């Protein structure tokens, strides 16, 4: 039981990381109605660029420079690819961004190769911050936690309290009105997209050295990402936060406290022989099942309540 | 509706595209590995090494009366269906020997194809040389005249690992972590059986979703801690192993790692020397370039490959395969698979740890095996494509070939 | 008048293919292409006709492939001895359709993005379950089969030789294509297209869009299952890879690149992708990059796909012969050529320099017979000039079109 605090802390950390990733995606959808299949690719680019910049100029330079680069890339991305499609053409958006994700993945392999790159935690932050139940909680993980919480607070503040935030929210539901007020809708959209993508990139810079930087990292995390924004409700920042945290904690708990189907199967049918259907059934347990829970959740939510937990409108 | 005729034309024009790739009169070798996709680097490395090795044989005059080898790479994109298609292509081009090893599922596809092909096309037989043993389906259960494996089986490796642990004084209790697919399940089951026989206590066991799906390993680390294990035995590789090692060392977990895939340059680079050392990683392996046992050809390969490929010679079993094949051909007096494969059983092999051989009952290579551990001060650090990883390995124990040879579980029927 | 002649000629060419194909490999490639044609056509029932983007189509394909494999294993000396191997695709159709029915109960209620997400979730669940149940799906190695386990058709064929397998697959592919073509002409086919265009109106006319989508999914699933059986017969090795997102994405690419609105679009897409997949990897390791770019260009600039392009070229040739615009066409062609040159130069040089290669990093590469050294400035300069040139040409074309 002493490991519970350790588990909770790491689950929260992982959840916040997922939130950073999902925040941009859900905001872009909420503000612009655009679904970006390549969002995780920007996360991946952030990780790779974070590695490269850290090799040339150190980790902290990466934290500052990479989101800026990705913000610009996001603007280019939106202008070249997305703006040519009609706003309602979401299938078209999915198609184009799907192709873009593929191109980015291949491009990354051409430049950095196909193996994981050695992106390490900065020297200053290795080591333990405190000890929980006999296990160390590293400084670096705490740093990520702090940054992600701050980020959430900043985004919320901008959206709810500043004029820019109000305009952005207005642009989603009444774009003509916003244009009539004299604001360049294109520029507004650029900023939204840039911000969303930059946050994903920042997540990459910070998480890359923790989770590894390798070419399939984007396609691995994309389905999870969509679970978060869909279940939380597309466009809802709060929804994304809650679902991300929930997934982080559930995943952690399922892996820590393993419940296996084997006792049940053995009780009902006797000990199964290796290689039979029953043996496969007996092998089910919460740990190996954990990566699948999110998809089950998404399925249930989409069938019962398609707008998600906090979404404004049905998908 | 010109489109329909255009279609027929297009379909017909694909005939022009599959042009044959081999010259006449050579002994044709096809290396079927992933040359594109996520594992392209691994597949590419393997192809390069075989081209290098067979090139050396050719430069030294070839085999028999001057016959040369010709090696091509066929990309399977790590797709089992593509492997089957490439086997078809290999058959069309008159390939004699097929080499493969990354992923036991491909070995299965290859053996399936070869059995059907050799049966349907007498006189054009192909043989399969496996450079890695991943699963029990190849040798232990399914040996064949036209098949030879140049890697100890999973059981042999785990047996060596346990013996090494005992000799090094590393006691349990052990927590096992393995990827949840055929290979990982084999490792898990075999290790538990062997550990039971050796009296090693296993206090926990986990099968994780493989290939980078698990993002966060800290819950697992928590469970290892709660179990009281002192050693973690893992068959994981790639991003899974990187994350596991990172999470474990970051949390200050006091365990040693007995791995199968620790000595992989990419993993080593991503985790780094300090963490590898802190994790006390050991692994069973066929070669440690810091201990060539004085064998001249190995000394030479160590330095030559670094010059030519900017990579250390850290893997030696491909050389053993080439030597084995050459030995078989010379002994049989012919390079035809139908003849040469009859002489591959019994071939003697030179290794850094002593003499090895190919066992005749099941065409399984039996060699002395090393238990290696991390050495930050190793004279020869691991070099990979120009990048110096920063640390190397040190031989902790050598397990002799006789001890490595477990009971064969199948017997080849001569055709 | 031209049409029946063209069709007959195409059929004859297809049937006689094994004779002029040369090697068995080519026949295998052609057989594989036929399998993909059926898969693409089945996918287009969902995408092109009913307007739904699905990422779980591979589930039906895989279901058919595994069903066929199990049947053949059982027939090969087991409990189904005597089963004619050439009838297997029929049962696979049934399995695919049944699977689609079960999943369709969950899918048919949604459209648009919700539909896509549900298919994504389903595909991940199926992959997970397939890998978990080794006993049914054979684990990573999959199931290996021998299609020539007996002599069939009164001893005429064993389907062992590749050409006999080709003819078997060709027969079924033609049957499937014919049925799918007929489907478009039925009132159901038209209803499905109507739901794609305007769902509300269809509902107002009293039809249940839910039922329409379900039936479309079931039919598409059936044909996908049939394609899966053909695939199993061709390759004789089926693994859980078949359920992957990659397979669904492949079907998607074939339909979009070929053109989702035209019946022959998926066919063109299948052939195009087959050529790309077989030929390009031998020349460049960056072929997936090129594929992705082609996909994007088509989605943005040529949503009708290859079929649309060919169709408009054809109508231009036939109808607008008097008003042909050679200058504009020449500019467009040159623009593409320059863009292609610049792009290929950059990508190939980057690949050579990049970390992906071992021995040969930074070596000169052979592009269309010319040796190019990626370490010198000249080729990079040429590439940039080519790209800039193509951009100028395209802008010129657009300006002239506006005046």
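All chains are identified by letter, namely A, B and C, in their written order; residue positions are counted from 1 within each chain.
Simple rule for what comes next: contacts are C-beta pairs under 8 Å (C-beta built on N, C-alpha and C of every residue); 3 or more make two chains touch, one makes a residue touch a chain.
Bear in mind the structure is a predicted one, so any value in this text is a computation, not a measurement.
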Message: Measuring between Cα centroids, what's the chain most distant from subunit A?
response: B
Task: Please find the two chains that have the most C-beta pairs touching each other.
output: B-C
Message: Report the inter-centroid distance (CA atoms only) between subunit B and subunit C in whole Å.
response: 34
Field: Averaged-CA centre spacing for the pair subunit C and subunit A, given as whole angstrom
entry: 31
- prompt: At which residue positions does subunit C touch at least two other chains?
  reply: 128, 134, 288, 355-356
- line: Shared-interface residues of subunit A (touching two or more other chains) are 109, 113-114, 283, 288, 291
- request: Check each residue of subunit B and list the ones that touch at least two other chains.
  value: 40-41, 180, 209
Message: Give the list of subunit C residues in touch with subunit B in this complex.
response: 2-3, 6-7, 9-11, 13-14, 17, 20-26, 28-30, 32-33, 128, 131, 134, 139-142, 144, 146, 148, 160-162, 231, 235-239, 241-242, 264, 267-268, 271, 274-275, 278-279, 281, 285, 287-288, 307, 310-311, 314, 355-359, 361
- prompt: So in the complex, which bits of subunit B are touching subunit A?
  reply: 37-41, 180, 189, 206-209, 212-216, 218-223, 225-226, 238-239, 242-243, 246, 250-253, 266-267, 269-270, 272
- request: Could you pull out which subunit B residues touch subunit C in their complex?
  value: 1-12, 14-15, 17-18, 20, 35-36, 40-41, 44-45, 48, 75, 77, 79-81, 83-85, 88-89, 91-93, 103-105, 107-109, 112-113, 116, 120, 135, 137, 180-183, 209, 308-309, 311, 385-386
- line: Seen from subunit A, its contact residues with subunit C in the complex are 35, 81, 84-85, 90-92, 94-96, 98-100, 102-103, 105-107, 109-114, 219, 223, 226-227, 230, 275-277, 279-280, 283-284, 288, 291-292, 295-296, 298-299, 302-303, 306, 314-315
- prompt: In their complex, what parts of subunit C are in touch with subunit A?
  reply: 51, 53, 106, 109-110, 112-114, 116-118, 120-122, 124-125, 128, 132-136, 245, 249, 252, 256, 286, 288-289, 291-293, 295-296, 299-300, 303, 347, 350-351, 354-356
